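Submitted below is the structure of interest, expressed as structure tokens.
By written order: A, B and C. Residues from 1 in each chain.
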């Protein structure tokens, strides 16, 4: 079948979809606004729950997309998407018009901007960092405070930008709990003298082998889990971070002085996704992610025939789910193109 | 008869203050009262959302609803948009309307608030007025306040006040017609009824406690509620 | 601490504050404890900035202390406030400026409630009609008096006689800002700078040459807590709150505390005295307390007003160490003088005149 498919976004979902579409015989244009493909995965040191190197998954995706049928357009964004009969004319920022028989939107997520939780002082207090900043530290191999010393007492705040009406995100980002557990373990490995506290509201360890990792964090690594949402952070004169939280299982307010506070930033609909929604006329839901045609059996379908959704532009997902969702999108694309082909021939 | 939860729902502050609580404790974590008293606004919010009338009845008679300082720090932070401080205000209102406030040491203090601030509003047009702020009731005001009180007429004149004067200005006399308007407002909006209930139930309690209670603040019951602290409220 | 992070937040909370023609409403607590501050506000507005500020002789308490003392029901408080709005409407004003933070918070809460529950506003209109026959318009602009001084902080700086600089060392004075809880904790968007890093006082401090001190318990309540102070048996709460703040700010060696709420400066002043009496602890330098000021007092000092015209003799903590640091001229023997000299009769005129 000599058909063209445009895939928007070359993160995990977009690369998986592009690779599978190419294998199925389609000509694929893979559009990425960044200068390189790979998405957030590039910035992640180790993956949960098995602690494998993020680079291994990147490498798998890179190999998968090394296919003559895939044309990669990096540093390229989408200006316009026009629908004429069964063809989508996709205009890119370089002025090129790509005619597509189908479009896969895989614009992914943005990490919640932690400075919006003003009370935690990210961007103000020297020793408040995000989960993404900490991954960067893991990659560089240097876990340090603002003054260059190694932290000894570290707090991890769950649900930053998730389950929070105050920032307009009612949903659970689903992966921050397990990220916190993974990062807590890594901190203890890098800094054996450190003490790590996780402040959670509910431990949502729903993925395969997550609960086991949580148990290991407690049993093997002695990480403390305190049930309570951190209410505020402040900076003491010695640059330490003071936090206020309630230990809700004891029913007592608790103050603690920490060397480093790590904020588990949640996932939000990406700015790029919002742009695509606007230029293509795609519907978004109350949580601002793309609205799917059916929550149960149509999670790759958008409100527009021929435009399909893949990965975390629909909802928070881990890598396993993202890859499965991208493959499912490919299957939807194939069914759709078969049916349009039959209509034309019929 | 309506149940207690339904009565609470009639209070606009309860409507505004309670959505649904997930017990995250963010309110208790920064609550000045929770730091000082054996107090947990999260638990109160959780109790009212059970809609359990027996549990709400216990709250209305309890010490715990009187610990909040109404600073509203809880409202800033709650990720569910609740305001435990507003829930407390609704509970305190209902506790007084049903005469349950006299069941607790801290609740009984409402008569002291009524007879100082409450009466001052209607008698002077001010929540507090210089003449009533004595170092007998407020020893923490210190020696400077003794000096202020001793010289209040000259001092307020010297600072550009209008103490008990006509027209606008600092501590001016509020005209009688204005005070009449305030009283009328209290009459039509339930303010006077609240005052009367506080007085009525306090008198019943004073009899029960065998303490003398007449008008004003110079009586056994007032002194008792104003100064007594059983020492068991803090953590 | 990265100041740029704060600036980003400050830029997100811009508040509309009108230029002129204000309907001024006094604070019960401030009239008793800080009369010089309200006098200074009117002097600055009318004399220095040439603004039109109107004070109605028949305005009253907003009943806020009674409301938060839980003896005044919500409908009563709303109707008392509605009457104040009626006076504003009758006087032909629409920019409402309360001197009190409890009032400001109550007005904000009421306006929000009416916005979301129009039937409540209708009920209150009926209450007011029945009780007084008055009608009212909702204010076009609601700004606290500290918002107004913030708005004109640059104009004040341009006319300043003194800056917040230690004249011996040339270093900026370290100033702790304390914001009244009801200024923006309930409705962050209604305050300059929001709830977490309010800028209303910080902006004045920066503009007048001082350095703002951020310390861990900055956001903590002073400890008024309404019934927690009003009733003697509860005052342990009040002093414990203030003490917590003092302990937290002490390592930063602040030269002064600046406040925008009626009760806070009084509590932060008086509880330092009490703690010293009880424990012998002082929080300032050289065994002194940390002087506490209202924003009008500070604006007045910067503009060169006489400290004793500002009522600084009514503070329990001596202000002289701070005056000396800045190099403000004052007469020690006039501090407790009760003579109303000609300079002050000028002040008096601001209290009496109706514009």
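The rule we apply is simple: a contact is a pair of C-beta atoms (placed from the backbone, for glycine too) under 8 Å apart; a residue touches a chain by one contact, two chains touch by 3 or more.
No experiment lies behind these values; they were computed from the predicted model shown.
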Checklist entry - Most central chain by CA mean? => result C
Item to check | Most extensive contact between chains (C-beta pair count) | outcome: B-C
Item to check | Distance between chain centroids, defined by C-alpha means - chain B, chain C (Å) | outcome: 22
Checklist outcome for this item: So, in whole Å, the Cα centroid of chain A is separated from that of chain B by 49
Next on the checklist: How many angstrom lie between the centres of chain A and chain C, each centre taken as the mean Cα position?
Outcome noted: 46
Item to check | chain B residues counted as touching two or more neighbouring chains | outcome: 30, 35, 76
Item to check | Set of chain C residues in contact with two or more other chains | outcome: 195-196, 219
Checklist entry - Hey, what residues on chain A touch two or more of the other chains? => result 119, 232
Item to check | Residue ranges of chain C in contact with chain B within the complex | outcome: 26, 28-29, 31-32, 35-36, 38-39, 55-58, 60-61, 63-66, 68-76, 78-80, 83, 105, 113, 116-117, 120, 127-128, 130-132, 181-182, 185-186, 188, 195-196, 219-221, 223-228, 230-237, 239-241, 244, 270-271, 273-274, 309, 311, 313-316, 336-340, 344, 347-348, 350-354
Checklist entry - chain A touches which residues of chain B in the complex? => result 22-31, 34-35, 40, 42-43, 76-81, 235
Checklist entry - Once bound in the complex, which stretches of chain A touch chain C? => result 115, 118-119, 121-126, 232, 234-237, 242
Checklist entry - In their shared complex, at which residues does chain A touch chain B? => result 119, 159, 163-166, 201-202, 227-232, 244-248, 251-254
Checklist entry - What does chain C use to touch chain A in their complex? => result 1-2, 4-6, 8-9, 194-197, 214-219, 251-252
